[in-house]
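In order of appearance the chains are A, B, C and D, and numbering begins at 1 in each one.
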Amino acid sequence: MSQPQDFGFGEEEAMLRDSARKFFSDNLATDALHKLVADESDPHRSREVKWRPELWQQMVELGWTMLAVPESAGGLGMNAVAVAALCEEAGRAAFPSPLLATINTTYLLAACDSVAATAALEAIVGGAAATLAVTNCAGSWEEADCDVQFADGKLSGMAAFVQDVQKADYLVVKARHETGLGLYWLPRDGAGVTVSPDAIVDLTRDQGRVQFGAAEATELTADALPALAKAMPAIWTMISADMVGAGEWELQTTAEYARTRRQFDREIGFFQAVKHPLVDAMIEIDQSRSLVYNAACAIDYEPELATRYAHMAKSSASDMAVFVSGRAVQFHGGIGFTWECYVHLYFKRQNHSAALWGDGSWHRARLASDLMDAA
Amino acid sequence: MSENERKDTPEQAEFRQYCKDWLADNAPPETSIRLPLSPLEIMTKDQLHYLQDWQRKAYDAGLVGCDYPVEVGGGGRTDCQRIANSEMQAAKTPFFPNVIGLGMAAPTVFYHAQEEKKAELLPKLFSGEEIWCQGFSEPGSGSDLASVQTFAEQKGDKWIINGHKVWTSLAHFAEWMIILLRTDKSHKYEGLSYFVVPIRSALGKGVTVRPLIKMTGETGFNEVIFDNLEVDDSYRLDAVGKGWQVAMTTLAHERGAGQLVTPQAGGRVQQREGDAKTEFGAMSLVDLAKNMQRNGKPAAEDPVIRDRIMREVIREEGFRQCRRRTRVQALIDDPMRIPLQHKLRQSEIMQDMAQLATDIEGPAASLYLDDDHAPANARWPLAYMNSFGFTIAAGTSEVQRNILGERVLGLPKSK
Amino acid sequence: MSENERKDTPEQAEFRQYCKDWLADNAPPETSIRLPLSPLEIMTKDQLHYLQDWQRKAYDAGLVGCDYPVEVGGGGRTDCQRIANSEMQAAKTPFFPNVIGLGMAAPTVFYHAQEEKKAELLPKLFSGEEIWCQGFSEPGSGSDLASVQTFAEQKGDKWIINGHKVWTSLAHFAEWMIILLRTDKSHKYEGLSYFVVPIRSALGKGVTVRPLIKMTGETGFNEVIFDNLEVDDSYRLDAVGKGWQVAMTTLAHERGAGQLVTPQAGGRVQQREGDAKTEFGAMSLVDLAKNMQRNGKPAAEDPVIRDRIMREVIREEGFRQCRRRTRVQALIDDPMRIPLQHKLRQSEIMQDMAQLATDIEGPAASLYLDDDHAPANARWPLAYMNSFGFTIAAGTSEVQRNILGERVLGLPKSK
Amino acid sequence: MSQPQDFGFGEEEAMLRDSARKFFSDNLATDALHKLVADESDPHRSREVKWRPELWQQMVELGWTMLAVPESAGGLGMNAVAVAALCEEAGRAAFPSPLLATINTTYLLAACDSVAATAALEAIVGGAAATLAVTNCAGSWEEADCDVQFADGKLSGMAAFVQDVQKADYLVVKARHETGLGLYWLPRDGAGVTVSPDAIVDLTRDQGRVQFGAAEATELTADALPALAKAMPAIWTMISADMVGAGEWELQTTAEYARTRRQFDREIGFFQAVKHPLVDAMIEIDQSRSLVYNAACAIDYEPELATRYAHMAKSSASDMAVFVSGRAVQFHGGIGFTWECYVHLYFKRQNHSAALWGDGSWHRARLASDLMDAA
């Protein structure tokens, strides 16, 4: 199978992207976002979630959580490039919501390909938000690492680094059973489920640990690894798309500042010490963006290469996110170091995303095994 | 992903099939002649004639200049040069020798010359019968192109040219030179005019060509001295004082940011030489790392080397995907944003890949062309040194970053 | 290698022994008070008073201001502050709270104030009884210090001050501020004058101090608004219009390039917090890597992580050896060459080390101060964010590179 | 044992350094060097050695080859910091000679601590030039790798990457014997010794392979590894000193060009795209230089830490050499890319030195085992 030269990105995808961009900027422009999530500056602030549930409802009604749900399960079954475009816009807006978590969940559920998974997908189509509880307490990126056990229809143990868990209605849990690893579905508020929110740096997300004490759960598949292998490329690609959108916001905001802020009787963008690193930032963003759409297109048309291209996209996007965020703060100077400046919202989100689902070096190591160790 | 796998228009699809068929029968066989790494490094007449024959054949078959009008010797097709290029790439043909002619002179002549000059100059340019070179840089004028001093003085309908150009690749084979000249010393930009001047026919009659030696020890660049060379006014491109605007056409095409797609062949040599332009570039580092012993183990087993190779693999794929994305309107904001990155990105990736290769080779990177034990025939230390030609020539990387910062990000001019 | 192992002069040797003995008995014990990472981040009165008591003790013992003349409250010794500093470092004492006073105000006052003012101001500065802050930056004047607009208008032997200063650390505790003011709007550099102005005693009487919140959510910086503050002319340092020259004295000492060695304690906190200033900085990354699991194995076993940590270990040792070499005439060409690198180098090493630490922590770097599971109490993500304070404040890294390129390499001014 | 704060670098060392600097600039200034080594530009040029034997004789008479020879063997037994200063000046002049090779040999011979080794040192004191044939054909930096065998008093096999072998009178050869690795001494022109010069990029050195066909040799020690362990810190430190001197030449030459070359109506050093990387080059050079004198001082006063500090010095110097050389060519622009410009002499020497005796990453890996794997 082979990819269309245009990434399969047509009018429908462009319309979705444009309406998403409009939705986010109309409903939560950056100043409003700052008011919403950065009202408390104290490092010891409460862990209460800062988001706009009514906007989330509208997003659900717009069908954004069912984009990646197969039509067979009542979803829209759209291309991954469309989903990537939506995630890119969510990142550009640094939008606080369980969108990415829910989309990730739909990819994993679709990969389970079971009756239970279809039922779970239908719950999401019905408007539920969901997230993945598949990471162990040490935050391992390896699919096989797990601190949750499943026996007699019940889960026990701990999952950590669960994204937007306070915003989710359901969880997909990875757990070890007698003969291997399985995936399980249960309501976040179900009996035996205890969520402890983390105190995190990122203001635009929430994260937490989930303790399972003999919590009843439905088996989605008894064989998690093939399902994860199928879904991870999409999960890596979508977080990368989010970083690309956020990186572009950082680039444009910093360039705008460099065009207007004057020092030494010049706009600071005159100085090559500012100009050239901004160009390097642009190049890193463009590379990451191109790799994201290539990976998304592979998911749609060239699945045998999706893993390889997704490793490239996430490695590039993670390194880009750290570099661009650092330059954005640096070139905003003193004001960029303050709480009132919006840049830190993106700096924190980007550094959070960079480590999520594997950092640049881990993805390169995986890629190297793929490209260098094959006979 | 390969260029072949694209949604073609009917014309393109039919032309692609035609190219495939023609190349199947006519792609030149391997030759005993050792071809240089790039057209700019053609040394011998043997090399030149072998490559000229190939370009002539390809032109006669309609694979060169496809998108130019028939009146000027083109193929009169629409957006088909890309097709021909990708098929020639896939067929791993040699490259074309008239690279400056095709990439810079042709579009400049086409957009700015008088009609009869186009018909006179372009067919022999496309066929490769007449090689072209470019006269922009001068000893005192490198990055600052608009400061050229080589002067043209008008005498009736003639111009008398005096001065000194450097870095003129292929001048020792060239029939013609596109040249930026000063016609007015009182204005920097408005004082420039653009000409086509004869080289070979004027040798000894106002033109001297001397080879410049690169740090690699290779020749290929030249300096060209003009001593009262007389040129007819009809060889002027566009109006007197409009030289800078004409030069912008040349540079836009040189940076891959021009309207016309440059006819390009060359899969064969590029693949063999692991040039960043082909998808074999970074992967050739993998082969190298598998073959080089690093302290008793294959370098390919060193995790730090692996990490660095993967960085280059990713940059190279990113470069290729950026070029792909430039053709997808819906995924582009500023149409110049990626094309203007092309030269900077390509030259820096090449440089970093070559430097990494020498690290992979370790002490063996000390061995040069003549050494039987040199890995990969010493092409990596050679490529590393030559990479500075690419980061310096045709607008240094520093100038490229200014252009990007100013034109795309709208930052104030650094000059 | 430790500061102790140095060839001392007899005076230094004897003083070193005295410091050792005194510190053995008087180095403050561990405290239940959670001390901040640096004096600039003192939040609570408890922290302040604990540290003030320590500075007072050290001053009374003769370990602070050793190299200043006795008349101004100093120790009247020669090149002994270094000794006291290294012994306090070795004894892992807390740091001194009056860091701006000791590092910037003291030398500036000493070299530029009227004699009686020196005797009035310096003893309470050395003892820490009076905390000092610095009023240079303004909302419109960051890197470009000479563009300050806060204005002082002369009325007889008084000056009336109006304007707005930002990034004034410790202003909420400060008795005094060293301040750069505009006294003439028609000349950029010659229009500047330098003063010492009262803060605490003038609160509500022409001075307002408001906290600024950092991206970390911490306070510590302030903005200070002057509304017709009246100051006696005797608090002017050096002549009217000579403010820029006086500011150069302040900045030279801030950059560690001044004549007088700044009294510095602080081994304890710096060690505990893995600050790049101590030889435990980069090695603390080793401990972190041994304790952090990375995909089921200790991060310390990941060769790419190991390579990156060693880079920082080497940079840190190089930084330390450069400081050592600055005191060896025979191995120095330009005496300013390394001291002018100090601030740039230290702040960038800190930033890269903190960033690397967050990579070592992986997803756990997302956990912040209040999270029980945050590795090393989240000091690394905190240190990473705070590191931008160091690369931005007191001359951004970009400005530092200009200074080095211009003063040491003799390159033309960028401004 | 502990280091003196001043690196033990006193008047005597400074005098030696200054006289060496004068000797090199008086006798082979850069233009003369270029005439000498760069007269043939053809990549297929002859492999004949380009050097000035009569200058070498003067250097021998000045005692420079016996600086590191213990007084017990008739040498001067000077501090390593003095030797480092000499090597720094040789590097600044990119001087073609067997000086470094001979000095390295004296360190290894002194480490053998045998009658035969003392005799060999006396030959060097007597004016002989020597070099080390201790590298295998794959160019391994690991002391234990070896392609030469010793049996019945004779050497057979191949040593490669032998530095300045055409300028040397004697060789120290590492060879495998029945029970381990030994070191052996023989004349380069001895029977059974065949030298094949390499064609190398660096114009200021020569390098070759040495084939041993039952060549008679004197055993210096039957246990090479302890001797190598003792000598390698000096060998790593001295090549680093050479790179520091050459790097400083590149910095000063490029800064001078940046102060004079005009483009866009400015000296190019006005532009931060040139200015700031030159500052970074200076910082890398200063770091390497400080680490070199720290390592040398450790050899003199703190031998238990010499290996650690020498790894730091060589790692820093190797990376510095590659970075600074690249910027030197780049900022010289078109002219810097030509054969006639002197910069390429240093570019080539520096890239050669960077890989000699271990590159930056190998030394960091060694350092990591030292600092991270200790219990």
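Please note the rule applied: contacts are C-beta pairs under 8 Å (C-beta built on N, C-alpha and C of every residue); 3 or more make two chains touch, one makes a residue touch a chain.
Since this is a predicted model, take the numbers as computed values, not measurements.
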>> So, comparing C-alpha centroids, which chain is the farthest one from subunit D?
In response: A
> Would you say B-C or A-C is joined by more C-beta pairs in contact?
Replying inline: A-C
> Using CA atom averages as chain centres, what separation in Å is found between subunit A and subunit B?
Replying inline: 41
>> Report the inter-centroid distance (CA atoms only) between subunit B and subunit C in whole Å.
In response: 53
>> Can you list every residue of subunit C that touches 2 or more other chains, as numbers and ranges?
In response: 302-304, 307, 398, 401-402, 414
>> Please output the residue numbers of subunit A that touch at least 2 other chains, ranges allowed.
In response: 266, 271-274, 276, 361, 365
> Mind pulling up the subunit D residues that touch subunit A in the complex?
Replying inline: 271-273, 276
> In their complex, what parts of subunit B are in touch with subunit C?
Replying inline: 302-304, 307
> For the complex, which residues does subunit B have touching subunit D?
Replying inline: 137, 141-144, 147, 166-167, 212-218, 293-296, 302, 304-305, 351, 355, 358-359, 361-371, 373-374, 378, 381-382, 384-385, 388-389, 391-393, 396-398, 401-402, 414-415
> Which residues, counting only subunit A, touch subunit B once they are in their complex?
Replying inline: 2-7, 9-11, 13-14, 17, 251, 255, 258-259, 266-267, 269-272, 274-276, 278-280, 282-283, 286-291, 293-294, 302, 309, 312, 315-316, 361, 364-365, 367-368, 371-372
> Along subunit C, where are the residues that touch subunit D in the complex?
Replying inline: 1-2, 5-7, 283, 286, 289-290, 300, 303, 306-307, 309-311, 313-315, 317-319, 321-322, 324-325, 327-328, 330-331, 337-338, 341, 344-345, 398, 401-402, 404-406, 408-414
